[in-house]
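Chain naming follows the written order as A, B, C and D, and within any one chain the residues start at number 1.
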Amino acid sequence: MAFYEHLGWRSVRVPAGTTPGIGPAVWVEDPLGFTVEFFHQAALADRLQQRYDLRRGAEVARLDHFNIVVPDVQGAYDYYSSLGFGLSETIEDGQTLYAAWMYRKQTVHDMAFTGGAGPRLHHLGFFAHESHCVLRTCDILGSLHEEAHIERGPGRHGVSNAFYVYLRDPDGHRLEIYTSDYYTGDPDHPVLRWDVTDPRRRDFYGHAVIPSWYAEATTVLDLEGNPRPAREIRQVEEVTVGADGFPAR
Amino acid sequence: MAFYEHLGWRSVRVPAGTTPGIGPAVWVEDPLGFTVEFFHQAALADRLQQRYDLRRGAEVARLDHFNIVVPDVQGAYDYYSSLGFGLSETIEDGQTLYAAWMYRKQTVHDMAFTGGAGPRLHHLGFFAHESHCVLRTCDILGSLHEEAHIERGPGRHGVSNAFYVYLRDPDGHRLEIYTSDYYTGDPDHPVLRWDVTDPRRRDFYGHAVIPSWYAEATTVLDLEGNPRPAREIRQVEEVTVGADGFPAR
Amino acid sequence: MAFYEHLGWRSVRVPAGTTPGIGPAVWVEDPLGFTVEFFHQAALADRLQQRYDLRRGAEVARLDHFNIVVPDVQGAYDYYSSLGFGLSETIEDGQTLYAAWMYRKQTVHDMAFTGGAGPRLHHLGFFAHESHCVLRTCDILGSLHEEAHIERGPGRHGVSNAFYVYLRDPDGHRLEIYTSDYYTGDPDHPVLRWDVTDPRRRDFYGHAVIPSWYAEATTVLDLEGNPRPAREIRQVEEVTVGADGFPAR
Amino acid sequence: MAFYEHLGWRSVRVPAGTTPGIGPAVWVEDPLGFTVEFFHQAALADRLQQRYDLRRGAEVARLDHFNIVVPDVQGAYDYYSSLGFGLSETIEDGQTLYAAWMYRKQTVHDMAFTGGAGPRLHHLGFFAHESHCVLRTCDILGSLHEEAHIERGPGRHGVSNAFYVYLRDPDGHRLEIYTSDYYTGDPDHPVLRWDVTDPRRRDFYGHAVIPSWYAEATTVLDLEGNPRPAREIRQVEEVTVGADGFPAR
């Protein structure tokens, strides 16, 4: 808490169980405007990894990452660098960092930054083992005539190599189910930098990104549970330069 | 030839080898305006089915079907019914037959009809064994920075259940690589009729069809090798009613 | 019935519903000693093909074929040839036909013959769309600690190219779940003949076949529902020559 | 080097390039009898991760782990624990540790121990992204009539959940191609302990392990490049107790 107090940001202690299964915790409003929870104890859930008999749908193996919308991607990168996160991939040009993927665990990312009005949550990313799991998620939604919840994909990202689908849950929050990113644990793991004009950066098959995917995101709450206002983007937007969301431009 | 002469359409005999590997043949301009080849002898190619060591890319197992653009889908259906083709699926409403899938072999189709200015060839369809073969095709095109050849997909059709991708070859001709249609050989196999307003009919995941997929198709040649002019569509268009190609309407 | 009476084999008419969903039928004891049902009417079941939400486990798409154990494979081949079945693949050498795969529909087989004491039923074969469906079947059985029901596989057959697993149901009857055989509908479709000493014929990966797979099969019943005695094999056995079931020889 | 000298084991410095692409290194004969290389510099190879156009066969994503044969599994576990490796899974009973899987990176293992005459190398393990990559490896070997190089599998391990195949290279060294193990990076990641009598521990589908898989392994070389003699196993063998390699017992 002292670290954040030193930075001038608010924090609060919350008792065990405030988040189900989580021990005593500290909630902080971080410099990017997101409420972050720190804890040192979590209840173990049953190991269902080989309970194939119980698996349905997406067969998610784990929660993998958060993608957040920030008005200043360079600032978000600087802050997470200061926390010890490594950089795996970027979208950039000579002037601007449009997006960045950063990791603590040995995968492509635990946190990614999308440029836009923020703080907002872009999506939660869940890992599945194989591409047919991603397809199955879509097939089930089609079967149930709930295909309107499939916002984007299936497709492959250039960035991260993930084969993905993006869903919107009934409240509009965005979820990604993906597979096939890669190991980043080598100490000299090189950064992969994508040019913002490469049409494969957001979709390796070159398809236009649906505009809602750039425009819409989830409001975040402050320590009191009130919506935090989003500041307008301070930099040139990727969609203005790369135009992959707006084929008519 | 007498059958077509009786119908008043032109035909010609061509010697063996006019089409490589094909014996003596008859070419006919059929009532729909397409040049069709009849033959009774074809050279056998090497059996490469288990030459996994030679497989690259799409791993196509066979040429499966033709999809043609016709200005009068009901007329195309009537003609192919008269030839003994069975009907597997349709897109329709109370007034209009917008599209139909018809078969001689025991799959969903050998011929399908898309409403539009015609005669034109919409695409050739190639069967692959599994969905990862379809994805691999796309991945390779992305690797080679040839992603512009991926017109539509990957995705799953509601009609036929096919998991598909549509490619445009360097001359603009459209190819489909697909998997997972089904057996239609039972003598009482029932027709599946899709309502033209069901957003899943053309993409089971509910995504808008890219406009070029409806609008563009390949000119066909007459018996002398000259382009045949396309007659304008005589019926209401699926894209006008179902609107799946034009999300802004 | 006259055809079978002429052959001197017994037959009987049974009323609609004797087999659930099947109309009035004729049961025949055929020349190979199997009871075969002929019918012209079957109730349509719900179309569950795109009900991905209901799918569990093997995701079987259809019942595909029967494999029967006969003491004289050449005799079984001759009989089914006389019924108009086509031949897709064999296991043979200069002297003996050890096994044969025959088809009416346009796949590798509706009927296959395995040499051994018969008449007995070797297995029922069910088609699934992709290899991960076959693996999923095995994974679920492992999860439930019912792995003893997995008799053989997963693996790929040389014959038919099928990626397979063989299960034994609680009564000991054998089921195959497989994918990736091929189209045989061309009128000049060539026969593929495997030498009985090729270790890939029964398993393309060269693994020994578990002895129970050759030795055990299901007793068949006569028209009165009594077990039919199995006649001993009249020819050299594939396992004696090819030895793929008995690695210690 | 001082650490190993303190332990009484020999070590030597080798110049850059002794192992291609590796900088100055130290080679050590470790307490288990294996020659281990320590380095701090490695040349970066081209990033081929998205060069799907170049991929053939197994589509290996990375070298993942070593499995070694040791006469005393508990001793190997103690030694690697002292180096800071975590324990993910074991095969054991009340008396004996038969096998153990240990990790530094956040996967199931970097090192695994199989009980037997040692020091010997059991196999190198390579990660592939999806199960169809494992099957493809086998299919290609079958196509080339090199199926004798497929020693065991495809199948799924109970331990690690890996879908695997084991190959023997032309010199007899064993390689594993596998997919679908799991993330172990949580600080309280629990150990999964398999009973030595559970037939699913080595094959989740319950199949017997081929005897060569337990019996055969690669001789290791000492610092001078001479073969190290293997000491006999000092403990009860898993194959004696669990018997999964020897179905006839």
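Methods note: contacts are C-beta pairs under 8 Å (C-beta built on N, C-alpha and C of every residue); 3 or more make two chains touch, one makes a residue touch a chain.
Here the structure is a predicted model, which is why all the values come from computation and not from measurement.
Novice: Count the C-beta pairs in contact for C-D and for A-C, then report the pair with the higher count.
Specialist: Greater number of contacting C-beta pairs: C-D.
Novice: From the centre of subunit D, which chain's CA centre is farthest?
Specialist: Of all chains, B has its centre farthest from that of subunit D.
Novice: What is the distance, in whole Å, between the centres of subunit B and subunit C, each centre taken as the mean of its C-alpha atoms?
Specialist: Computed value for the inter-centroid distance: 34 Å.
Novice: Quick check: how many Å separate the C-alpha centres of subunit A and subunit C?
Specialist: The separation of the two C-alpha centroids amounts to 50 Å.
Novice: Between subunit C and subunit D, what distance separates the C-alpha centroids? Give it in angstrom.
Specialist: Computed value for the inter-centroid distance: 40 Å.
Novice: Residues of subunit D that touch two or more other chains: which are they?
Specialist: 50, 130-132, 139, 142, 158, 204
Novice: Report the residues of subunit D in contact with subunit C in the complex, numbered from low to high.
Specialist: 131-132, 135, 138-139, 141-142, 145, 147-148, 150, 154-156, 158, 163, 199-200, 204-207
Novice: Going by the contact rule set out above, which residues of subunit D touch subunit A in the complex?
Specialist: Subunit D reaches subunit A through residues 42, 44, 47, 49-50, 61-62, 105-106, 129-131, 158, 161, 179-180, 182-183, 185-186, 188, 190, 192, 204.
Novice: Please output the residues of subunit B touching subunit D within their complex, sorted ascending.
Specialist: Touching subunit D from subunit B are residues 50-54, 130, 132, 136, 139-140, 142-144.
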